[in-house]
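The first chain written gets the first letter, and so on, giving A, B and C; residue counts start at 1 in each chain.
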């Protein structure tokens, strides 16, 4: 299996406190990898470094053989990275379908001059509609994100990232705040995307769903990798259970 | 067309170019700029200086536009560094720095400005029509931008910069583009102004002028091309139509700014939208 | 001696700017609004001082009225202009503030005349003293003393009284503060009352200093106060104080050494822009931490 992304010895501190203290792992093409761990382990911070929203103090991020450590987020997106926020950030001034359309038209938005020369939004609209169908948001397409409940906003976040035709999708707590039924639906969606060939790395607290859909777990604790491997093997380890519950 | 009407049309045309340019920066791309008059002044001074050296009209206009646009991009670079709220004061500062510089430079006429600017070579009516042509082109350009992917992307940048980055938008380049285009247009307005006025004074390009332009944008409805068009025409005609309005021009501007933003922040365009909704 | 004199004069002006800028910082820290109309309150204080002093012969009464009227005006501005539109983006209240300032300026022009008014009898204007070889007018000294007293007083208030601590809590975390029973609305009123009173006093002092009060006087000081607030780090009172003094001194030197290139008003902004390019968060602001 090809390695799509390699995270190499990342370190970052905030105000003198090391949030991430030497994290390394790889992500293989087509895998669904879940970053798990107790609160404060550094999971979201690590993901944001892969996305380019944070720059590490030390260490490297490799994507598709390229060192992207110092590239800004939008450049990484153009190389094939998709990212969803933990606290959703739709464009509240756009409708649902327009949110996805902007991403779907990513070729047109590449440079301002190309954008100036492009007028037609038909192709982007069609692509956006079909993605909304795939993510179960077809009937909401002309609504404002303000009118959508959280579960649908989270799906919109994923839909928008999908429209970028990503090779690697980074999902930051996609199930947070969802009811158990909504969480199962979302987890199924993520699993379906993975089955379609998109490599996925997600950060999640909801162990139940994660264990069901992930190919591989990477367990973080106190800014370091504690364990990694197939879900069953990892969860059987006593040090992993202790990190979560404090009990052997 | 009488020469009075020609004069009026000229002023409306110049104001339109100014307001539409600011609308691109603030309305389309969401970047506050309280120093737009400085770019108007940059264009005017550049054009005037070259005109007095004997340069023909197309050259002076081009030079004014280019100078204002270039400095505008540089100022745009500052917008990338500083946070939103800081930007308002920084752009205000640019205005004061420009004014403070120009007032002291003997070779630019100091406090007395530049006088004795040669004529455009056209009679007043033809010149007014030239200005109208430019204004119409600018209007068309703004409408084009609005319906293109550039307008779509500007909307996203204005809505949520960080989210725009996560869909692959190079926010910095778009902001610089907005600044560059908007300020270049202000420079064009400045170049057109000099042949109309034949004399330029530093005070013409002060903070009050920046606010006057902002007023046209805000009352029209920040971001709405036709709204800004309507507001600019109305606000320019108002002192002509009403003697009282002329005497209390500033008071009316201030009051309108206050009242419109207080009760209908979307300006005229916002009102129209609500009526039609 | 020129060096020392420039520094001292710079500090004097810095104190004046501080009185204006603190009011602005207070508003920004609490509401994230650039309260440009603050300049109008400043000018209002100046006008009140002159008018009442000329009418009654008592400078003390003039200042008292100025303080009360300014504080009331500032609070009214909050209640009528800002409070109803706080839910919009910050652009909206800022533009309302600009409009209001222009209206106030024009009102002064229409009521009191475009050419300004002066004190009938202002002994303070020329009375001066030599301190260690540097010549300072009484007003300049008064300005320094006043600002130090007022700002130290405010510091004590904020640190020691219940209302003051409540105010500080609201500035740093409004929701937390209200859950502790702090009345957020009252905090806002205190904020505007105090900041506006300071501006009114500053206005009166400047009127005394120049022996002249005119409609646009708020402009120059206010723009610089805005620059100071940004320079100090938007919302940080300590930063504002430091920036005020720094700006006063920079301006004093700049006015002499850059006299051929830039005029006085531009120097402050030039300094601001230069600093922001190096430190986008201002002199004492906290960096946004990417």
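Throughout what follows, a contact is a pair of C-beta atoms (placed from the backbone, for glycine too) under 8 Å apart; a residue touches a chain by one contact, two chains touch by 3 or more.
Quick caveat: nothing in here was measured; it's all calculated off a predicted structure.
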(request) Please indicate which chain is farthest from chain C, where distance is taken between mean Cα coordinates of the chains. (result) A
(request) Select the chain whose centre, defined as the mean of its C-alpha atoms, is least distant from the mean of all protein C-alpha atoms. (result) B
(request) State the pair of chains with the top count of C-beta pairs in contact. (result) B-C
(request) Round to the nearest whole Å and give the separation of the Cα centres of chain B and chain C. (result) 30
(message) Averaging over Cα atoms per chain, report the distance between chain A and chain B in Å.
(response) 42
(message) Distance between chain A and chain C based on Cα centroids, please, to the nearest Å.
(response) 48
(request) Scan chain A for residues touching two or more other chains and write them down. (result) 53
(message) Quick check on chain B: which residues sit in contact with 2+ other chains?
(response) none
(request) Could you please specify the touching residues of chain B with respect to chain A in the complex? (result) 144-145, 147-150, 152-153, 155-156, 158-160, 162-171, 173-174, 177
(message) Which residues of chain A touch chain B once you look at their complex with the stated criterion?
(response) 51, 53, 72-75, 77-78, 83-85, 89-94, 101-103, 105-106, 108-112, 114-119, 121, 160-161, 163-164
(request) Enumerate the contact residues on chain B facing chain C in the complex. (result) 32, 78, 81-86, 88-90, 92-94, 96-97, 99-101, 103-105, 207-208, 211, 214-215, 218, 222, 248, 250-251, 253-259, 261-262, 265
(message) Considering only the defined contacts, which chain C positions touch chain B in the complex?
(response) 28, 32, 34, 81, 84-85, 88, 90-96, 98-103, 105-107, 110, 219, 223, 226-227, 229-230, 234, 259-267, 269-270, 272-273, 276-277, 280-282, 288
